[in-house]
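Labels run A, B, C and D following the written order; every chain starts at residue 1.
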Amino acid sequence: MAGSSLGNIFRITTWGESHGAALGVVIDGCPAGLSLGLSDIQAYLDRRKPGQTKISTPRKEDDAAEILSGTFEGRTTGTPISILVRNTSQRSGDYGEIADCYRPGHADYTFDAKYGFRDYRGGGRSSGRETIGRVAAGAVAARLLDECGIRLTAYTKSIGPISVNMDKFDRQAILTTPTCMPDTEASVQAESYLADCMRSYDSAGGVIECVISGVPAGLGDPVFEKLDAALAKAVMSIGAVKAVEIGDGVEAASRRGSENNDPFRVRDGEIVKTSNHAGGILGGISDGSDIILRAHIKPTPSIFSSQKTVNRQGEEIDLAIKGRHDPVIVPRAVVVVESMAAITIADALLMGAGARLESLKKIYGR
Amino acid sequence: MAGSSLGNIFRITTWGESHGAALGVVIDGCPAGLSLGLSDIQAYLDRRKPGQTKISTPRKEDDAAEILSGTFEGRTTGTPISILVRNTSQRSGDYGEIADCYRPGHADYTFDAKYGFRDYRGGGRSSGRETIGRVAAGAVAARLLDECGIRLTAYTKSIGPISVNMDKFDRQAILTTPTCMPDTEASVQAESYLADCMRSYDSAGGVIECVISGVPAGLGDPVFEKLDAALAKAVMSIGAVKAVEIGDGVEAASRRGSENNDPFRVRDGEIVKTSNHAGGILGGISDGSDIILRAHIKPTPSIFSSQKTVNRQGEEIDLAIKGRHDPVIVPRAVVVVESMAAITIADALLMGAGARLESLKKIYGR
Amino acid sequence: MAGSSLGNIFRITTWGESHGAALGVVIDGCPAGLSLGLSDIQAYLDRRKPGQTKISTPRKEDDAAEILSGTFEGRTTGTPISILVRNTSQRSGDYGEIADCYRPGHADYTFDAKYGFRDYRGGGRSSGRETIGRVAAGAVAARLLDECGIRLTAYTKSIGPISVNMDKFDRQAILTTPTCMPDTEASVQAESYLADCMRSYDSAGGVIECVISGVPAGLGDPVFEKLDAALAKAVMSIGAVKAVEIGDGVEAASRRGSENNDPFRVRDGEIVKTSNHAGGILGGISDGSDIILRAHIKPTPSIFSSQKTVNRQGEEIDLAIKGRHDPVIVPRAVVVVESMAAITIADALLMGAGARLESLKKIYGR
Amino acid sequence: MAGSSLGNIFRITTWGESHGAALGVVIDGCPAGLSLGLSDIQAYLDRRKPGQTKISTPRKEDDAAEILSGTFEGRTTGTPISILVRNTSQRSGDYGEIADCYRPGHADYTFDAKYGFRDYRGGGRSSGRETIGRVAAGAVAARLLDECGIRLTAYTKSIGPISVNMDKFDRQAILTTPTCMPDTEASVQAESYLADCMRSYDSAGGVIECVISGVPAGLGDPVFEKLDAALAKAVMSIGAVKAVEIGDGVEAASRRGSENNDPFRVRDGEIVKTSNHAGGILGGISDGSDIILRAHIKPTPSIFSSQKTVNRQGEEIDLAIKGRHDPVIVPRAVVVVESMAAITIADALLMGAGARLESLKKIYGR
């Protein structure tokens, strides 16, 4: 319980169900004086909006945000920022038939096991629409980081068997391809793969990568609040994520130390690493290199072919899911991963502000 | 800062440096009435003790624990359990030479960047010895889980290129092989691989898997406190872990939905899954199947061949590390992964106790 | 920062400014299965609504609540309950003149000192309207406590020099007198005293008492999370509260031990205290007697006589406050004190659910 | 449960029982670079040490502290500071007789109600010795505050009916009188009153005041983390405290607004208040004036005259307490109140470091 908040100082609390009246987020602890407007929020929300391409659910939602508190004359005041998005396209009728049964790969059974009953309409709180609050908060975090010279870039790295060719990396393509891949060729192949999935009433997964640049060395804490640990939690808390890697991740485990260590050198008077296997974090603390992470996303569990499952009465049944579902979650999850990373870095920035006596004295003019 | 605590109700706080007077942990929130003795703690600590095999550091430490509070007449009282381990084999002289330089793959540079200076002796707080507190707490958590019918089994899944054959799974071997592999044949091959690494002044990484059985369906929370998110944070917070997978993890991303969904069926009146790609967690909540996770561990950064790096004065130097170091961290980290998983599940058990009004009434007899 | 949340498991987050679009609260961690409707919330909000009597501000607000999430078919689902109240009677014009000056007894100066600027309209986040979120959450907590046999009764104990005669205690009068005093005679005297204050452009303070009955022995924790400590924080966090007492409070300090100790006896097979100087809490843990606390409220700082103060430019000025203000805050704060107490007890109930191994086993059927 | 930690960034965790092996504290989140030695800690601990005067328990304890981690070459490193004090004068035999009975005014009954059993030796975790960890942490917090120009002065304001005459305030007397009163005449009278209490096998309570000067305006947060709310919790969490006042406290409730508001003026280019009824906090945020608080302490519950109570078997008995007990807790609690205030202010200082975007940029050089 009480699991709807994240962060220590930059602290977000999301709420809302897929087919309830609205969804939203409260962002507490954002520093005062940050320029912030509705368009900053809306630009992020639009990146996760459904109904925009052939490979996302045809459910149409405006997902129009309203800022209810925490800003004054275009700047944050230091008090909680409450952001609300009304649900407008509920078609609960679609879900009546599954009110009573446990969809494979979904949280229907586990919600019932935990709470005794559930809001079954569209998955309720376990719906992907829950990420609206995350993305609205991510937009605020990204604004704060931008002021501090920190920028995030997330993109689809692969869908099913189709991977991006990083030599053809095209930042613009992230926002223009329906797959959010930074490689238009790979994107075309992925679309074709997805079309094939849809024809066979099936779905696909994929991998999202996020690069965070401009992070000063020294963010994050030793032990349990390591920056990579906080990132892993934030990213793994996105529904459908089944693995998180930092830097070379899984590959590091089969390497030798001499291959995996990143040498330090001096460039223009700054200490830098000449490689970045570590992904920008050493001992849980940022080292000044780009922070690099990957989220592995399972295929959409809602598929239209028949599946074996059980209903609330404990009877074995065959289930054919109807409704409106994405054949792949990955493209719409790109901005969610970026948002969770931004929120985590923003909190680390604030938590670390008084790490040294000398910075504390500087702030308070003592 | 303040990153040395983990958990909400079952809450641990570790402290101590590699070459300080002692290391320890305070475990707050453990329920009263649990039978707990020093031998329960020591058995866990002995599994991570150095100097036991050819493939671990020759530094000899007794790592003898003392329970200073929180138990009375052999049972926990509900008050904080403080456990202390004195350091006895400090040879700080070994480290004098690196006081001033930044070892590649270590946290020397990042600690300096964060705090302005550091306790350089043996890595200080970023040393592997920091895990002593985690393992002592893990022993307490495992005792609690055991009373609730929950058991954890962690083991080495691979070292460098050598992987366990799961068809030859031998639980006993986990405690008897120097690699903690559950497959004696693979273990012999891994030892040979490690001997080769050592001959070339190099080191190796590997993969640890942990299986948690007997977890009731319904543990963990939706959204940010998903059970898999909490596990990812706990495991990623172990130094040297670079990736965490739940269930099929990385592999799930390249599968189709029809391959990845686990059907529900009824067996002996219980709802069960007939496969377990999900690794025992759906929507962040346990589903009653085994929880399965993997930690990918980087090769030991302390290698004895010469490396390029920089010192505190910003001069480029060649560094040859001396001292006592494990050629592979994996075998000694097995019990650390198991401990972090146990601590996380114990907290989820306590956090979820009042998830339903009816359980709350039951507890308070209302 | 990040100070807008309270509680560990039953955790509330409030947001909103006096003259912003809306105010609200997110209640996370409420157990599933609790019957809860809009009327439960509205009944509490109506008790703090302005414009109802001669002794409250003439500002008229409907304070109509909307439940946006967390309930389904009339019951809580265990997911966050988001409650919203739109502001409808903003007259910011009234406040333009004080945008630039520091009202004595208000938070204008301290907000500027902390954040560099502030939303000055109606006090922004430091306005009494901030308590709307607290009261909405208090209504939910009270519903939960009611199911567990715990009832709260708060009332005005004194206004200025006029105190209630507890021998004439009339529970009904709390809801019918404009002062919320449980003694109609004292209430008439207090109204007369307040009329006098208003004639001299002045204001009054007073004391609120809250009695919580039916609390099982064993709630609260030793050390920092003592139940009285948590109550003290919750109640002192209400703007204008300057002192909090538990049980005999201030009077206990001048007594002797033999006068202050409460003897234990047995009544109908139950261990009870024959007096209750302690106010229902011993060593930070509830003892089964009524919990009794008092909040001392300062006089409304907004007075209409001229006051010496300073403006943002650091110039000394004379200030005559205009606008709509309560001559006394106490009656409208009664339900706020009751709400804060309810929220605190609800959290203690949930935090303590697993205090003993045997209760934990009972919940999970192990 | 899990109630043994306090603070958000400057976070302390205490542990230990009266008659266990040792007591201690872990202080996490203290900034790096603070000069700190054992003598800083010991000086504070010596102020609460028993056996020093006729009016404190004859139990003799050295209370010698050991710093086990977190400092290096005389300075804090930013990692957790673990401090340990061994118990040396346990005489558990004294307590055998009360193992089975519930002492009035003590936590024996409530611990049993909560946990099912208890460590009865000397009150276990509910003993006054629990404050050792608080005071050791308070010493560290006071060191940090001192570097930032913040100083705390706590003293006994009254014992039983004897109050200090503030016109005769003598700071030196706080450390030299056995009562910790800043007025030697009042102290002599209080000693005489206490002698009378002891002759009649009785005990006394009293009031402690704490003044915190040099606090910059802008510390603390609106809403739930108001600085006065945090102080109230910290101080009320000390066993035996029954009321907490800020500024004029209880008296404010019977005043008029025109008497209670503090005018702002300009002195030497600084905005100041010309009176300080508010006690240095407005809207939960420090205003730059002295912060003033008072703790009201109940009389020692351990009295040597016969009392009516009940034993664990539910039988009514007459109890005559033996052992070694203070006739008044107040003088030894003075440093505890000062410590809790210091810890709270230190945390507020760290929490507020990034309240404005401009300070955040300053710290990170952006």
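Convention: a contact is a pair of C-beta atoms (placed from the backbone, for glycine too) under 8 Å apart; a residue touches a chain by one contact, two chains touch by 3 or more.
Since this is a predicted model, take the numbers as computed values, not measurements.
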| item | value |
| --- | --- |
| Each chain counted as touching chain B and chain C at once | A, D |
| Chain whose Cα centroid lies at the greatest distance from that of chain C | B |
| Distance between the centres, which are taken as Cα means, of chain D and chain C, whole angstrom | 26 |
| Whole-Å gap between the CA centroids of chain B and chain D | 37 |
| Of all residues in chain B, the ones touching two or more other chains | 1-5, 8-9, 14, 31-33, 78-79, 114-116, 125, 216, 222, 350-351, 354-356, 358 |
| Chain D-facing residues of chain A, complex | 8-9, 31-34, 76, 78-79, 144, 147-149, 216, 222, 349-351, 353-366 |
| Partner chain D, residues of chain B touching it in the complex | 1-5, 7-11, 13-17, 20-24, 26, 28-33, 66-70, 72, 75, 77-82, 84, 114-119, 124-125, 350 |
| Sites on chain D touched by chain C in the complex | 1-6, 14, 102, 104-107, 109-111, 113-116, 125-126, 130, 158, 160-161, 197, 202-207, 216-219, 221-226, 228-237, 239, 242-250, 252-266, 269, 271, 274, 278-279, 281-288, 296-303, 305, 307-310, 314-316, 351-352, 354-356, 358 |
